[in-house]
Each structure stands twice: as C-alpha cells, then as structure tokens.
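What follows is a pair of complexes built around chain A, which joins chain B in one and chain C in the other.
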Partner chain A sequence: MNVSGNSPARKLVYWGSHYLMIGAFVVFALFPLYWLLKVSVTPNDILYTEGVRMWPSRTTWENYFFVLTQSNFPHYFLNSVIVAGTTAIVTTMVAAVTGYSFSRFAFRGKMIIVALMLITQMFPLVMLIAPIFKILAPLGLTDSLTGLIIVYTAFNVPFATFLMQSFFDGIPKDLEEAAMIDGNTRFQAFRRIILPLTLPGVAATLGFVFTAAWSELLFALMLVSSESASTFPVGLLSFVSKFSVDFGQMMAAGVLALIPACAFFLLIQRYLVQGLTAGAVKG
Partner chain B sequence: MASIEISNAVKSYGAVDVLHGIDLDIQDGEFIVLVGPSGCGKSTLLRMIAGLEDITSGAISIGGTVVNELQPKDRDIAMVFQSYALYPHMSVAENMSYALTLRKTAKEKIADAITNVAEILGLTALLERRPKALSGGQRQRVAMGRAIVRKPQAFLFDEPLSNLDARLREQMRTEIRKLHRRLGATSVYVTHDQIEAMTMADRIVAMHDGIIQQVGSPVEIYDRPANIFVASFIGSPAMNFLKGAYEIAQNDTTGIRLTDGSFVPVLPARGATANQTVTLGARPEHIALVPDGNGGIPARVELIEPMGLSTLVHVSLAGNPVKIFTLDRPDFAVDSFIHIAFDMEKVHVFDTQTELRLPPESEPHMARTA
Partner chain C sequence: MDGGKSVTTAMQAGKLPVERRGVISRRLSGILEPYLYVSPALILIIAVMLMPLVLGLSYAFRDIRILNPFSGGFVGTAHFQTLITDDAFLGALVNTAWWTFGSLLFQFTLGLILALLLNRDFLGRRLVQALVFLPWAVPTFLSGLNWAWMFNPVVGPLPHWFTALGLMETPFNILSDPDLAMWGPIVANIWFGIPFFAITLLAALQSIPKELYEAAAIDGATTRQQFISITLPFLAPTIAITLMLRTIWIANFADLIVVMTNGGPADSTQIVASYIFTQAFRRLDFGYASAIAAVLLVLLLAYALGVIALRRAMTHADS
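Showing the complex of A and B:
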C-alpha cells in the first residue's frame, strides 16, 4: 500500500498523524485508570486541598495498607475470585460443547434453541431480578456464592456459546473426520484434535466471561445481603458511608481489583491475540 | 486388505434422495475409481463406506462383515481427504503416527513404520515440520503417508489431487498407481476428472445423479459406453453427438440420416428399427478428413486448434459443432468447406429417447449397465 506517496515529508505527515490518533485514543481510554492510580496514592489530607493536579505533591501507600489490613476487602476479593473464576470455567466448558454441537450437527429443534438463547440476551437484567430472587430463595441460593455462580453462568452461556461456535466454524470438519477414521471416537477427536486448535477461542471466552462476572454489580448487590458472601464490586460501595466517600481507599481497592483481571489477560493474551487476528483475517 | 460389497445402498437427506440403490462389488486389491460430475454423490458414497455418513438403507460390508452400524474407527479403513485434513498442531511424524499411537502400537514399531513410509514418499527430511510449513505437494504426501502407515483393510481417496497444479497432479497419479501396485490394497478413489479415472482405475464406476451408469475397465468404458452420459463424460476432447433417423437401405446397408440429409453408414444396431430417432456418437479420432472429397460429407471449418502433437479441427455439420482429431497438419482455412468421413466400425448409435447405446449386432452380449 502506498497511500502516502513517495516524498519523505508526506510519509512523515502520514505516519505522524497515524500515531497521533492512536496516541489520542490510548490517552482517552487509559486516563480514568491513571486517575484511579493517582487518587489511590494521594494522602487524604491533600485530596481536596490541592485542587486539580496531574500528580499530588506527596504520595502515600497508606490507602493500600488500610484496605489490605483494616477492611473486609481481602475477603470480598477472594469471593470475587471464586465467583468469577468458577463462572468463567463452567461457562466456557458448557459453551464449548454446546458451540461444538451447534457448529457440527443438524438436529431437530436447533433453530428453536438458538432463538431462545438469543431472546435471553434481549431482556434488561433489571426485569429479571425479582423472579430470580423468588426462584433462588427457597433453594437457599440467595446470599450465597453458589447462587451467584449459577446466575452468572446462566446469563453468560448464550453469548459464550455463539462465540465458541464461531471458533469451531473456523475449523474444517475434515479434521475430526480424519481423527475418527484414525481411531478416535467423536468425543476423543473433539478433545484431542479440535479443542487444542480452539485454544484461542477458549481463551477469549474465558476472558470475556471472567471480566463480565468480575465486575458484575447488580445481581451481586440484590441477591447477596451478608458481608461474608459479598463480592468486590459490592465491597467497593462499603467505602461510601452516609456522610462521606473515602475516595483514596476506594481507589486503592479498585487498583487492587484490576490485578487479577490483568494477570488473567496476561496469561491468555498469547491465545487471545492469535484468536482475534485469526477471526479478523477470516472476516 | 479386503473386498467391499455395497448392496442396494440408499442415501437420503430428508426427502431428497442423493443415492438411489447403489450395487457394487469391489474385489480384494482392486483399484476402483468413482467418477462423475460434481454433485452426483461420489463423496457421499465414499463417506458411507468410511462410516462418516449413515446409510439410509441397504448394506455395506468390508471383508465380509456388514459395517452399517460400525463407527469409522472400527472399520479399519484409511482415507485421504481433498483438503488433506492434516492435524495442524502436530508434526509430520506425529500426523503419520497418530493412528498407530491410538492403537497402542509399540514405540519402536511406530518409529520403523514412519521411517519406512517417509522413505517411500520422500518425507524423511520433513518429519519434524508442521503442516503449515509444507508445500501443497508435500502436504498431499503426508496425507498419503498417514493412510499408508496403518496398513488398513482399504484406502479411500476423495479427490486427493484436485488441489495440486497440473504437473504435480500427473506425477502423483503415477505415484499413487505405483504405490497401489506395491501395497496391493483395495482402493476406492473418487474424482470428477475423467483422465484420472482412465489412467488410474482397474475398473471405473461412472456415476450420474446418484445412480451408477456403468462399471467397467477404462477401455471398456471408453470403447463401449453404456449411454450418452458415459460417452460424453469420458474422453477428452469429448465425443460428438448428431441427431438423425436410423435407416435401412435397399441393399441392406444401415446408416443414420442426419438432419441436413447427409447419410452416415453405421453397423446394424441391435434393437434399432427403421426411422427410429437415434443419436450418432463419434469420437473426434473416429472422424477422418477426406482430402479429395471422395465419398465424404461436406462440412464448414469453424476453428483450427493446434495442440502440438495433434490438431483439433472444429467444423459445423448439419448445424452441429463437430470436433475432429488429426495427426496431420491441416492446410485449409477457416470457413472453407472440407469433406469428412465417419469410421463406421467405431461410431456409436444411441437411442435418443432412452439415451442407451444400441450396440452393433456383431458385438457379444456383455455390456454391463446399471
């Protein structure tokens, strides 16, 4: 491609504006995160007195220290890890097998199931809180992590299924047929040939579901009342008291909460990039 | 190695019948080529033998055992796919040894088998590579190797050469034939390319619209096609067809009166009646150019196609395009009139209605049709 012509000056302008735009976007996207970090290290006494500054004159770790040692935050954090982790794994496993069958088999009622799954994605979640509470309460699943996991899994399976299906669609079915002729059952062929090739898809699905469950607030707030089963987004609200908002501690908790999500994406990014670009090329 | 018997096999997708009662006996060690235009059901039949498609009705047996209900893995057959279907996350060696590993073959035995097959196919230097680092021809070889190492009851090929360029295809054709001679394994080979069918087959199975049209050796199929479909599908350049009426003249000579009134003598055709509407079938090499015009039928030259060894002369006869194959170098011009003559012993008479060939009365009863 030779959009910019041949002169070095035009090339400079072309690439200069290219990077300028990317830079502007990155700044725009990351600024709130920067602010989160900045406030989290700002000592309480100068938070309001210094006015709007890009970086405080003094920094401190005391917000982090407080959050980690004096608050319930570590407990919320652990709850969130359990809920988001389990939801991601269970959802992805279910989505993998469902997506595979959608991709490979023609069966009676397939279109109905697909339609139903699409319909579930159309309702605002708020509408469903009351009925779900009514269903879970007698089962003893309100105020419990298990209940949250079930609800999150149910809500994420449809999208995750379609996501996985699109990845399976990209893998020729000749491959598992060859494996079946080579001596595999269909399930073995799925596990030993198809699944390894779908790892990028699995990673993308895991990442997507994990983030969704990690930051979910509505159900976590409505279905759980006790401290012991609260997840971290709910826990964040505990920094808001009747009379004040403890921004420093809240932000410190926020920064800490980013760590597992970042770690998770770091772990899967190799597959993720592969998967996203593969999808991009195929169009 | 084993024989394969297919009896009255039917395949339907919902209300659509794709295969209508296929009967076929494949001998132990035979190289069978299923040939026919795209969509005629060749792959479906092959996949039914492999166990990748259910059999709607009828039976398929391999080595005397009915396999209708057996999973592909229990049929002990190997298949080479058009796409090669190599496992992308495995090396060439792993691809080829996969089936043996699943059968829990001893490690040393697997290593021996791989070394041996890699040598036969010239893959020794590539064993550690991933499929994506191979050329099309090399991938094709790996796919062959993966089938061969297993020493299966039968080999199934689904258009294995159609993704290769012409030269490589020609080379692989001979190689597959040589391999077959060496291994002697029962093989079913699917192709839409009639040249592959002619050059490779012990017996050709010509298919059309889910029905077997004819089964026979390449020469049988070429020289005595059962019907117009087989006659037109096999052979390149294709056979010429001219409509006309069957005539029995006073002196008992028989022939076909073409629509422009010209008369083409033919051998008496079995079952043909006077004035019956028939189709004359003549291969390009069975029409001669008559230089002095003596006794020939006049035809206008439309195109002269030099092919190196030979020349293909396109003429127009009774409003029909006719191709003539000649080893001479023609010296006439386009649009000039020439005279041509049909080789009476070699041309075919087809019933226009049923499209079946009406063999000469002198030919022994043997044409096997579906």
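Showing the complex of A and C:
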C-alpha cells in the first residue's frame, strides 16, 4: 500500500487534487473582492443589463470620480484616518511600556493585572455600549472623534500588550543590562536599545490596531450621530440604508475603504519577514 | 502628618553618604517602576471597560431610557421577568445557537483543510498563502456589505447561479426570505473566519517534529494512520482552545448581521448580540439592553466553564 502510494499515477492524482482544492480556496477568497472591483468600474447604464457578466463590455472611473469629488466620503475617510491612526499610535505606545514591564519585571499584583486583561478579551463588548454612552455623554465625548479614540484605545490595549510582550520576550535581557551599566536609566535603555530592536513588532502592532479601529462599526454607530464626526463604516452604512440605489458608487467607496486595510496587511508582512533574533544579534 | 514624616525622611536621607542615598532612591524607583509602566493601560481598562461593565450590570436592575427624563429608578428583577416572556429574545437565543455553530463548523473544517494543504511545500505557496488569508484583512462592515451585494439579484451573481443550478426557480434575494436569511451572514462569516483557523492550525502543524512522521513511515504506517496517531493528537490542544475562544467571539459578533440584515426579516436573523444593540441603539432602552447583556454574559461564562470541565474530565479519563 505504501509502495503503491509512491507510484507516478497516484502522485499525479494526489497533486492534481491538491492544486484543485488550493485553487478552490483562492477563488472563494478572492471572488467577492473581484466582484466589488468589477461593479465599481461598470458604467451605470449597463450595470443591470450585464449584471452577471464576468467583466463589463465597457469600464469607467466615473463612480470613483463621483465618490471622491461629489460625496461626503472624503470627509468620512479623513475621520477614519484620524481615528484609526491616533488609536494605533496611542495604543502601541501604551502597549509597549505595559508589554515591556510584563516581560522584564516581577512585581506584586502582576498576575492579577494579566488575568484582568485576559478576561476583557472574553466578555461581550456589545454589553458595554449603553454604559459607555452614559459615561461619555456628560463629558461631551459622544459625537466626537476623541471619544471614539479613547474607547478604541482601551479595547485594543490588552491584545496589543500581549503581542508586544511576546516580541520583548524574544530579546535577551543582557542588552539593556549592559546599557544600564554604561549609565543609562532603565527607561533610557528601553527607549534607545530595546524599542528599536522590536520595530517589526511595533509595526505589526500598529497595523493590527489600525485595521481593528478602521473596521469598528457598532460603537461608531452608537456614539456618533452627526455627519461631521462619522467614520467610514458609519458613512457607508448610512449611505446604503438611505439611498440603496447607486451600487456602482457604493462599491467604489467600498474599494476605497479596502485600500488602507490591505496596505497595512502588506506592511505587516514586509516587517515580519525580518527575523527578530537577527536584529538582536546585530545590536 | 504625612508631609511631616516625609520631611524627616528626606532630612535623614540628606545626612546619608551620597552613594547610599543613590542606592535607596534607585531601590524605591525600582519598586515603583513597573507600576509606572503599567498604569496607563490599567487606568484605560478600568475606566473604559471595567467601570462600564459594573455600571451595565447595575442598569439591568434599573429603568434607564435615554428619552425619558423620569426614568432611572430601581425596578428589581422586572427586566428579567419581561425577558422570560419576550418571544423576540427567545427567538434570538435559538438564532444565536444556529449562527454560532453553523459558522463555527464550516470555518473550522475548511480552515483545517486549508492548513493541511498549506503545510505541504508546493510551487507558489507563499503567494497562495497571502491570497487566501486576505479576507481576514477586509474590514468586517465591508465584507458584510459586499456579501449582501453578492446575494442581491440586481448586482450579485449568486442568485443567478443558484437558479442555473436549479436551486431557485427565479433569482431572488435570500436575505429577504425569513427561512433562508440566516445563511447570508453565515456564509459571509465563514468567508471571513477561515483564515483565522488556517493561520493558527498551520502554526501548530509546523511545530510537529518531522522525525515522528519519518519513524511512523518506517514502521509502515499509512498516511491516514499517521494523521490519526500523530497529527490529530498534536493539534488537539490548539483545536480545543481556538474552538472555545471562537465560539464566544462569534456569539458576540453582531457586526455582519447588523450590516447585512439588521436582524430582519421579521427577526429571523436576530441574535442576542444584535438584539442588545437594537434595544440600546434604536429604542434607547439601556436598562433592558443591559439585562439581556447580563444574561448573555452568564450564558457564555457557563459555556466556557462547561467546556473546561469537560476537557478536564476527558484528560482525566485518558490518563
């Protein structure tokens, strides 16, 4: 049985079905995104007549042109960039110092804090919607980008901390001990020696938090009511429910919303390729 | 009082030799330093997650409606009594089970198959890996909208394909059919969630020592025997923990449903998480929403504890 398993015919069948199944997964993963792109470049007048064609007979950029110049989407886009960008930077800074202390110090109450952070990953965030609204409203932080940034930062800090901690754990302690003997304080050693070595980890954390904040919908819907503070998900959703007619424009807006997330995905991959240990040896 | 004490300590410290003073202040800052590093995260989590959690639990026993200035009083267990007879809530409970286990079964099975396929070396593997993991990077609101469009007979191909296959008589939108609507968000969730299982299971697969397979092959074990006696036992811990975590996450994951169907038609896709959101967001009834949330929290805790107890019992029986 084992011998026949190595015969050329069986091998051909095995690899044939292997590639066939891989192909099916790739098609399933990419087809919806391809369709989004296809409808976004289809001219309005042939959208319905050529509804199921794989590629339209004519293409146009007018949907993109409309979304970028005639609609509120550039404004939503800017709001989302501000919220997701600030959240990513603040979260990563907070997570870096917390992750560093988890990695390097043994202190009283550490286990309680770690357990607390783990538990926050388990409970349903939907149940915080009403109380957070009640807390933020008197502070004037509903309907504001600042309020969203604070909420998103708190939600993302636990996971980002564990992520950063795992990167710090990969760096030998001798490095900052040597720097401290040379007269640096621990924080200086952390900032000048350790943090630069974890740049790939910092990039991964930034990318992860940015994508999470960029995608968040329910809290953005609940906490923001005005057009001027709407983020991209809220803007796109209200657009859909108000005038569910212009599919070409909505899909063009969808493609635009996809770009930052995919760009960050590629950025993370690029940094993750550089090995952590390689950096530590060089330092 | 406190100030006076610290002044005398400072004076005593002043009399100490310079190097000893350095040692003391360094020690003191050494003790305080970790807390200083942890404090921003701790303050954020307490203020934005723990306080609201406690507050939310107290809301469950109060009458809190945003548009009613006279609300705010304690109502005892009135919300919970309403809940027991609330058909929409009971329906949402059944839908949550449907939604969670329907999504989980396919996400896990397909994710495992994908991880096994990617664990073999083949031409173009790196490119394929980047492509099949891409849905995970797509913002959830966008995957929801995108799948809603795919199911729409006007711009989406799916209803036309179903018709061509004989599954439908004429192309229609399954999202507006109460009997079928739940499959829409489930399919979107499967698409979105396969990469998570594939990534974690692939990492676990790659940590299995190759020598084990070589030794098994020498002993004459077939591929299937190797899979059952080597691969599965090595994957078991990863499978157990990811299945449990994903169950909780999916049960809480209302975004796709809010975007694609908003719980409709006729509450047929309303899960508990989206019902909480609807109560808080549309009716602004924070008290009732919090009562539902408290029940959901208890149910999920019971589920997690049940799974952990089951695992412990099973590992006990093994050894």
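Following the convention adopted for this analysis, the second predicted complex is superposed on the first by the 231 of 283 C-alpha atoms of A that agree within 3 Å, B and C clash if a C-alpha of one lies under 4 Å from a C-alpha of the other, contacts with A are read in each partner's own complex, and residues count from 1 in each chain.
Everything below uses one rule, namely that a contact is a pair of C-beta atoms (placed from the backbone, for glycine too) under 8 Å apart; a residue touches a chain by one contact, two chains touch by 3 or more.
On a predicted model such as this, the values are computed, not experimentally measured, just so you know.
Undergrad: Looking at A:174 after the superposition, I want to know if it touches chain B, chain C, both of them or none. Which is it: first, second, both, neither?
TA: first
Undergrad: Of chain B and chain C, which one touches more residues of chain A?
TA: Answer, by number of touched residues of chain A: C.
Undergrad: Thinking of the overlay built on chain A, is A:32 touched by chain B (first), by chain C (second), by both, or by neither?
TA: So A:32 only meets chain C here.
Undergrad: Of the partners chain B and chain C, which touch A:9 in the superposed model: first, second, both, neither?
TA: In the superposition, A:9 contacts neither chain B nor chain C.
Undergrad: Regarding the shared-chain residue A:111, is it in contact with chain B (first), chain C (second), both, or neither?
TA: Neither chain B nor chain C is touched by A:111.
Undergrad: Does chain B (first) or chain C (second) touch A:124, or do both, or does neither?
TA: Only chain C is touched by A:124; chain B is not.
Undergrad: Pick one for A:101: touches chain B only (first), chain C only (second), both, or neither.
TA: second
Undergrad: Contact-wise, after the overlay, does A:155 reach chain B, chain C, both or neither (first, second, both, neither)?
TA: In the superposition, A:155 touches chain C alone.
Undergrad: Over in the complex, which chain C residues touch chain A? Could you list them?
TA: Result: residues 31, 33-35, 37-38, 40-42, 44-45, 47-53, 55-56, 59, 64, 66, 110, 113-114, 117, 120, 122, 128, 130-135, 137-143, 145-147, 149-150, 153-157, 160, 191, 194-195, 217, 220, 222-223, 248, 251-252, 254-255, 258-259, 273, 276-277, 280-281, 286, 289-290, 293-294, 296-297, 300, 304 of chain C touch chain A.
Undergrad: Can you tell me which positions in chain B touch chain A when the two form their complex?
TA: 50-52, 71-73, 75, 77-79, 81, 83, 85-89, 98-99, 102-103, 146, 150
Undergrad: In the complex formed with chain C, which residues of chain A make contact?
TA: It comes out as residues 1-2, 5, 15, 18-19, 21-22, 25-26, 28-30, 32-33, 35-36, 39, 47-48, 51-52, 94-95, 97-98, 100-102, 105, 107, 110, 113, 116-117, 120, 122-135, 150-151, 153-155, 157-158, 161, 186, 211, 214-215, 217-218, 221-222, 233, 236-237, 240, 247, 250-251, 254, 257-258, 261-262, 264-265, 269.
Undergrad: Using the touch definition from the top, list the residues of chain A that touch chain B in their complex.
TA: On the chain A side, the touching residues are 172, 174-175, 177-185, 193, 196-197.
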